[in-house]
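Two complexes follow with subunit A in common, the first pairing it with subunit B and the second with subunit C.
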Partner chain A sequence: MEREGWRLSDKEWREWVEALLRAGKLVIAPVKENDLLLFRHVLMADEISVSDQGKAQWSPKEFLFPRSEPLLIYRLRGAEVDLEEPKADEREQVLVGLRPCDAAGLSRLDDIFLLEEQDPSYAQRKKHTTIVSLACDRAEPECFCTAVGGSPAGTQGSDLLLLPLDDGWILRVLTPKGKELVAGWAARWRPALAEDWDRTEERRSAVENSIQLSPLSAQWGTALEKSFGHPLWESLGQRCLGCGICAYVCPSCSCFDINDEGNSFCGTRCRSWDSCAFARFTLHASGHNPRPTQPSRYRQRVLHKFAYFPDQHEGRFMCVGCGRCLRLCPVGIDIHHTVERAASAASPEEERP
Partner chain B sequence: MSENPYRPHLMRIVDAIEETGDVRTLRLKFLEPEIASQLHWQAGQFGQFSIFGSGESVFTIANAPSRGGYIECTFRQMGKVTSGLRNLSVGQVVGFRGPYGNHFPIEEWRGRDLLFVGGGIGMAALHAPLQFALDHRDEFGEIVVLNGARAVADMVYKEEMKEWERATGVRVVRTVDPGGETPDWNGEVGLIPDVFERLRPEPDGRIVITCGPPVMLRFMLMALEKLSFKSEQVITTLENKMKCGIGQCGRCNVGRYLLCRQGPVFTWAQLKELPSDY
Partner chain C sequence: MDQLVEAREAPERTTEKGWEPRIVAMVCNWCTYAGADMAGTARRVYAPSVRIVRFLCTGRIDPLFIVKAFEQGADGVVVSGCHPGDCHYVQGNLLARRRFTVFQALMDFLGLDRRRLHFAWISASEGVKWSRIVDEATAAVREAGPLRHWGRPVKGNSSAQPLLPDTDAGIAPRDPPSAEENQLITGHLQELVTNLLSDGTVSTVIGYTAGSLPQQMVPLFVNEPRDASTLGWNEHCANNLVIYLPQVLKKNRDAKIGLVTKSCDARALIPLIREGQLRREQIVLLGIPCRGMWNQGKMAAKCYSCSEEVSPFTDWTITPEGTKKGSLTSAERRQVSPDPRDREIASLGSFLPEERWDYWQRQFDRCLRCYACRAVCPLCYCATCISDKNRPQWIPTTIDGKGNMAWNVVRAMHLAGRCIGCDECARVCPAGIRLDLLNRGLVQEIERRFDFCSHVNPESSPPLTTFQPDDPDEFI
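This part shows the complex of A and B:
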């Protein structure tokens, strides 16, 4: 693959980010707050926390798909109704320092919000967003990107990628949009040399090799579907508290709710994040609930991500292996482990993963 | 026209029919007349109906496309949105977006006998295809409608049933659950699947279109099996919770399907392939 990139010092790429800020772009990047690494709007490039900090506490999906956002504003005048659409935010934003799993997560949101029917507010934000990812220097205990087709230096979903070296960085250009963001800078930067690229390759394979979890195969989708009625699901899901944290921290979870906030005179129709872990997610007004128990809801989460979604999206899992769901689950439910257990329980001995 | 798929068309309530104590049919007309001529739907498709301040709710479009120019929905007052809708009167404005989803394969039913089996508010989902069949009466064979309710007072489309019966070759069977009858009740008494069995319909050349609560559906499928109906002859429409209607909110996902796009209409044969998440 053609590799285009520059060899930069820490100071050099921060100068470039400073210039982006001065040009009026919004910059969102990981910032260390107390003990947590969080995506924040930054005002200075020096606030950005990189190198060996692991992944941020939350995924950055909320900057493209907010936790809650207005879809429509309504006002009633007697029997008549006025509708107004919220103004689209057209400011350019640059997301800096996403781990490759988080960037891959955003490309899953593209699958949901851009492929068949365009979601106007997501499409608008995406159009004005450039993504500068940051390759990983080490794997955290919960990481399993390599098990779901990702890589510590993966490029999916990114426009530019920062690759760490011992004494600096390579800024790799991946898309025309990324190239545009560095326009004018190329003249003052040094192109990365073959040995620099080699060093990054070595680092990538070292991190990859440190991830011990075995790859999950898209072919297991059928086995997982077969596992639907297996009693194992009761024990796999019985610890689940239904708190929904896994969906909130997941870079690819995109299920949402729509509700009217307001009264019968005026208000806003809002879209907010939702989770299939909640009993009310599928509860009918009649009282019937197609997924009445917590294990049945946990099973839906796993099958949606590893069987149904891949079936509709060329084998791509709706999981990027960031492991946040495991890291933040109050009862330590491990989705990778679940997939292996369920798929092998449903397959005959010789086909077992 | 707005590109925002969530912006509903505004519609005025022009008529309200009290079907039962808690079921009402509304007739809605578009405030922008040009929308009425642009909007095409097929029997079985649904819409998202907005009650501003209460939210949106999914109802099947109850009128057949052959009765166009307006939209009808039949709903039971149950939750927040349907209570909001129940509070509106003729002249007030609601929102509509759609049509969404697939539709009944009525083209494949030509020349066949049709048997509609509806339980409670489930009858609303059969209203559009039935109306279509009545409007194209000579294209179909015998039409039987089995309309069941818990009690006499809960029977929907009471007035319309008289009209259906007047058409040639149409038989309407009314039934209420045991204990739901009144002294002057002259219909059947029995659970819908039992009454269906008593009718002994010949499977040959017949299509069964059924909708009702999950428990009724389960026993209906057992009755159909007993009477040797093939799973391709039986068709239903699933009523999962939906929010977006355009395949994004994830709520109506059942197996490999999003019911708002690949559903809500399924044959029994297709249902057998689905996980039981409905």
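This part shows the complex of A and C:
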């Protein structure tokens, strides 16, 4: 798409967000809460925290793929069962201040929930969602978006993108949906000049260059699959504790479980987040567990993201390099490092990545 | 629990008008139920708002049931059984009394309105007392109104929340160790581990090595003497490595394991031995005099009041000067500061219960149910956690206010009298939930009430599996 964008001051884009709120849209943005940066519904544009660098504690995926959501409500009347569909939320929501990795992560969820079978509740929410991302001014030590095909100013998954400048912002339009959201405003804003764009380019490459981790290539998927039986996995996953942190903070993890909340008279069937690191994830009713050990579960996490998913999705990794899993893992497991180690262990010397 | 089901079935009463309190009474079969029966046959008139759930003994009433009742829509709960000394099973109610004491303290800490939870001893002949207690409880719950905030914050926005004092303001941390000291210790540690592995004293050593992020240290398993050179030590070795013992022992019951420990970590061995989870002789403790753990320029809160440089159980002490068998016995205990969390706990205590409730509901609201708190806890070793049991599903798996409330309350109860305050749960919680305050609050309550400290004597009985005939019960 053409570079289309406006040169805005902090005040100007907040006024615009304020107007969105007044128009009845739900606005979700990073907010400081007890020293954590969290995505929350905001009531005023001033609550939004963008000056604070860095990404939110966990991804905003819960606003499209909630932690738990009702699938149906049941009620037994004698021998009859009444089923009721939960009410769909028709309100427009605008997600503001996502880092490019977060937005890319949401597009991975699209791959899962929209590509073949459409998941009705996800599709419904997505239809009513517009995404305004925020390019990064600085990479955190855990960031490796550039190693998995992303960029600190990446556009994948976003409808609009705010690019930081020394004294303000460029608001760039990326999609028709994004354009619609600024309709009526564009006329009063100053279009960004060529030199403004150049400056954002300089910033992008500076941030990109500060990320030192080597790029992972899609060909590695094959090597990784070959590594399946490699004894190295035992040590790579040995310290994993099987908690759900990595999956729950990840912008691209999409696994869920179906659970019933209720009793034998009435209740709700829910869909709730689940994690492949939990032993119960693959536990059969018979008691057999095809992934019996923590290393085998950790291997699944890595292979799904870097071998199986890319295999089915034109080489896209199911990891966008946000590094949250490394930063928040209680035992500091590093997924980028794991992929490098496992892929090279399984390839002959001369083909090592 | 048909009564609960019935309660849930009842149409939502949204208006205050016409609202009748819904109270669940959990009573023992032998005394209180008989007492209630007597009240019935004597045709005493009392408030009709109580649904009775009959148990064989109050000893069977798990706080989990009380949580469930509130979760399912009860506005108040009455728990009642035989007077102390009258228990049909001799001591069921005495054990229950301790459990209720701790539960009541926990609910107070969280700020549950006291008018909603009632305990009473009622014998089979006290039909009059039963009707009086029911009337009183009903009046109290009526005054408190419908319980709308179980698993839900009270107030609309978070900025209305009173703030806790700055944790470490005004208390000086200890100096962190110098890089040279750390280097010297690392050298001695590597040498010792090489020797212990070579001469077969231990088959595995669990220690720390540098992680991928700046200042990050992560757990490392060393099985071969040549790998000892990857071990490291500094003030960022946060993990409590005791959590890995069950996993190694499962593979080899007779393994001897070397474990690099700080004194706070080593404390976890005491309850584990007390609870029959391991034998002391299987562990070789490699203790390092610890000056405190640091993260992002801050010393960990637990370190301020830590008086032990190395655990008294240490088998080897590794100092910058060298390696020494046994524990380092310094003549004087080192200087300590007050634990900064005590100010926070005091401040929480000064809030109105409603504000406290709001504070905790907001905290629990963030819970992602990642169960990392369980995963890092050296004392969460159950093969199947209560949260993974689904027949019945005591803890809702739904990640919402009610499920999170049940999880956090029940976990706190399960750690009561066992937690050794390593603070790992609070350190790793991605949602920043102040589990350290919760645990510390209960640790202090148990110390005050039962004079019990989990990490002191492996021979002592856990406080919730024992009782004194004259345990205090002023809340009953």
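Keep in mind that, in the parts below, the second predicted complex is superposed on the first by the 351 of 353 C-alpha atoms of A that agree within 3 Å, B and C clash if a C-alpha of one lies under 4 Å from a C-alpha of the other, contacts with A are read in each partner's own complex, and residues count from 1 in each chain.
Going forward, a residue touches a chain if its C-beta (ideal position, glycine included) is under 8 Å from a C-beta of that chain, and two chains touch if they have at least 3 such contacts.
These numbers were taken from a predicted model, which means no experiment stands behind them.
When both complexes are superposed on subunit A, subunit B and subunit C sit side by side without a clash. Of the two partner chains, both subunit B and subunit C are touched by A:257. When the two structures are aligned on the shared chain, A:72 is found in touch with subunit B, with no touch to subunit C. With both structures placed on the common chain, the touch criterion links A:312 to subunit B but leaves subunit C unconnected. When both complexes are overlaid on chain A, the residue A:156 reaches neither subunit B nor subunit C.
Touch criterion met: A:249 reaches subunit C, while subunit B stays clear of it. Within the superposed three-chain model, A:282 lies in touch with subunit B and out of touch with subunit C [touch as defined at top]. After overlaying the two complexes on the shared chain, residue contacts for A:227 are found with neither subunit B nor subunit C.
Judged by the touch definition given at the top, the superposed model places A:81 against subunit B, while subunit C stays out of reach. Judged by the touch definition given at the top, the superposed model places A:269 against subunit B, while subunit C stays out of reach. On the chain A superposition, the C-alpha centres give an angle at subunit A of 80° between subunit B and subunit C, rounded to a multiple of 10. The least CA distance from subunit B to subunit C in the superposed model is 6 Å. Taken together, the two complexes place residues 257, 259, 263-265 of subunit A in contact with subunit B and also with subunit C.
By the touch criterion given at the top, residues 33-36, 38, 43, 57-58, 67-68, 141-142, 235, 238-239, 241-245, 247-249, 257, 259, 261, 263-266, 270, 272-273, 275, 278, 280, 294, 326-328, 330-334, 336-337 of subunit A touch subunit C in their complex. On the side of subunit C, the complex with subunit A involves touching residues 5, 8-9, 157-158, 211-214, 216-221, 239, 243-244, 247, 366, 368-372, 374-376, 388, 393, 396-400, 403, 424, 427-428, 430-432. Residues of subunit B touching subunit A in their complex: 2-8, 10, 12, 50, 52-56, 78-79, 82, 84, 91-93, 95, 213-214, 239-241, 243-244, 246-251, 253-256, 261, 275-278. If you check the complex, the residues on subunit A that touch subunit B are 71-72, 74, 76, 79-81, 83, 85, 112-113, 116-120, 225, 228, 254-260, 262-265, 267, 269, 271, 274, 276, 281-286, 288, 290-291, 296, 300, 303-304, 307-308, 311-312.
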